[in-house]
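Which chain is which? They are A, B and C, in the order written, and residues in each are numbered from 1.
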Amino acid sequence: MSQVLQRTSPTGTRTTKVIGALALLVMAWVVVSGLILTPQDVVQGESVRIMYVHVPSAWIAYLAFIFTAVASASWLISKKHSMGFDRFAGASAEVGVMFMAITLITGSLWGRLTWGEFWQWDPRLTTTAFLFVTYVGYLAVRRLEGSVEQRARRSAVVAMLAVLEIPLVHFSVVLWRSLHQGATVLNPNGDVKMDDLMLFTLFSGVVGFTLVFVWLVLHRQRTMLLVDIANRQGLDAAIAARQTESLVK
Amino acid sequence: MIVSFSDVVVVYDNFPALAGASFEVSSGEIVLLQGPNGAGKTTLLRACAGLLPIARGSANVLSCDLTSDRHSVRRKVGLLSHANGLFQDLTVEENMSFWSRLIGASNQDVKTAMHIMGLSDRLSTTRVANLSAGQKRRCALATLIVRRAQLWLLDEPHAGLDTQGRDELDKTLRAAREAGATVMFASHEIDRAQNLATRSLTVVGGLVTES
Amino acid sequence: MKSDSPTRVGKGKVVTAVFLKDIQIELRSRVVTNQVLPFAGLVMVMFAFALDNDDVLQRVAGGLVWLATLFSLFIIVQRSFAIDTADGALDSLRVAGIDLSAVFFGKAIALATKLIALEIVLICSAVLLYRVDVSATGLVLLVTCVLCATSGLAFVGTLYGGLTAGAKGRETLLPLLLLPVVAPVLIAATRATEAAFGSGGAQTSEGWAWIGLLAVFAAVFGVGGSLAFGSLIDE
């Protein structure tokens, strides 16, 4: 039993190692370029550099959400209900929550510097915040007790319900803002006039973060697989132990 | 075969409550499940009712394959679990009419079942919350009788009942068998149970053996 | 083999049976009337203390009505499923082999009935406590808003109530799951109610756009819930 675990225990493969190395390289370039090489913005000044983290992490957050939804739908649709889909859905959600937190934090820091306030009831911001809470709820549902199958079914259904919910939340917030445009501060809306290097750095950030996302999800779903394998092997032992109860008798 | 289990494993939170149970029950039997507490009797009955996922092995109840479909079997079985499945704020009569409406039983059936279990007259308009434990058990049994299941699954049906209630229960189960039903029940009232049963199985450590 | 098991019951009958059962239990136990209603009423009074300004109260009256409704929703949903899990009735429902989407609709309609009773009292107390005026056209909007918003709340409430029924820590999990989902209802119902109340010079016509959103919400979760409920409460 321990042999199997040992054989499968490193969560890295050649692919993940390549992805990890690439991610490191690209991220190093983003750090150097984002902090040093790129110029500051005419209006926003140095704070524009937050964008190189904020935009890619927002992109990843939404990508993770879509990924979880697709994996959950695949689990529900597929006849065999392969647990691989469930693990990918869970891993992607966990990483997504982290990136969504980064998005919200960097966003409000940028907002403080640019608008003078941490939070604006902007539809995009509000929807992202709701997405974050919904995801935290999804992770809580994954931790509910029950069989593996039950966990997979519940969380897949909850993920699909989130797909229904998010457009409704977004639409209601858009409608709310458009009808009730209160005292809005005159604010630069974040559009920056970007030169080629800035665009390239931003693009590199997106690529780098995507690589990090893929790397994290691959590793996380592998650790989840290992937990499942360990549980299954624990189950073999538990079955054997349970059966001996009858011998003692 | 009405029930046929082969190496069935049922898992609760990584604990194998059934650890490779194999047994068969044929039509018209009254099968007693005996064994110590925590042996897996309750799990076995609930698994037969299609309530629990089968982790390993194969299970077939009333021609339904439980590994692929746990739903279609439910309409054909009647389960009396430890809980009574009653609503405390409703009267006996209201509880009976709720459950019978769900399964489309006739009023006559409801009356008969209540009569058999001695729940007519004053008791029928008493709230379940005000009943004694034994009376609640009688009420739960009455809801089971109304079901006219093909397979009766009873988890310690004798517990909490008085002698008269136990006699009525045994009579009811024998009558159900006469009418073509099959019965599986767990009990610690060994003498009474062995008298009632046509065969008995021992459940220990998640395994089933002929006894 | 004997084959005289009762025949399968139509979906409508199951919906009615479950609905009547839930209402009957409420009429007996009076939890909503004796506990939730006073609680919601108290919340309205506490808002008045906290805001302590007639103009402000008039402006935010709609929002307060719906916030108080949301808080009560959690309590009612939890109570409704606690009754079903207390003595294993939910188990019996599952083993009865009935269409669980019918159970979903039965419970949702019962929940909606309780919520509407609650909302009527809350709106009346807003009129009395916060000195809100409602015109005739506003009343039509208000009634439509209450019906649409309540259906949506009842559907999601029943759906997530079923998911968390019997789970550990359900008291905290239910609000965590429900609050983000009902946000659109809170926003839309509040705006529509404000339009009906004429708060802050809002026109009644402004309210109807929100009714559409409420209707879509109710439809989406009505369909979603009837599909998902069965698999959420099953083991």
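Operating definition for what follows: a residue touches a chain if its C-beta (ideal position, glycine included) is under 8 Å from a C-beta of that chain, and two chains touch if they have at least 3 such contacts.
It should be emphasised that the depicted structure is a prediction, and the values quoted were computed from it without experimental measurement.
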| item | value |
| --- | --- |
| Topology of the chain contact graph, where touching chains are joined (line, ring, star, complete, other) | complete |
| A-C or B-C - the one linked by more C-beta pairs in contact | B-C |
| Distance between chain centroids, defined by C-alpha means - chain A, chain B (Å) | 47 |
| Separation of mean Cα positions, chain C and chain B [Å, integer] | 36 |
| Whole-Å gap separating chain A and chain C, where each centre is the average of the chain's CA atoms | 32 |
| Junction residues of chain C - those touching two or more other chains | 235 |
| Residue list for chain B, restricted to those that touch at least two other chains | 53 |
| Touching two or more other chains - residues of chain A | 145-147, 150 |
| In the complex, chain C residues that touch chain A | 159, 163, 167-168, 173, 176-177, 179-181, 183-184, 187-188, 191, 206, 209-210, 213, 216-217, 220-221, 224, 228, 231-232, 234-235 |
| Complex contact set, residues of chain C against chain B | 1-9, 13-14, 17, 20-21, 24-25, 28-29, 83, 86-89, 91-98, 235 |
| Contact set on chain B toward chain C in their complex | 2, 27, 49-53, 71-77, 79, 81-90, 94, 98-99, 101-105, 127, 143, 147-150, 179-181 |
| Residue numbers on chain A that touch chain C, as the complex places them | 130, 133-134, 136-137, 140-141, 144-147, 150, 153-154, 157-158, 160-161, 164-165, 168-169, 171-173, 175-176, 179-180 |
| Chain B residues touching chain A - in the complex, by the definition given at the top | 9, 11-16, 19-20, 36, 39, 53, 55, 204-207, 209 |
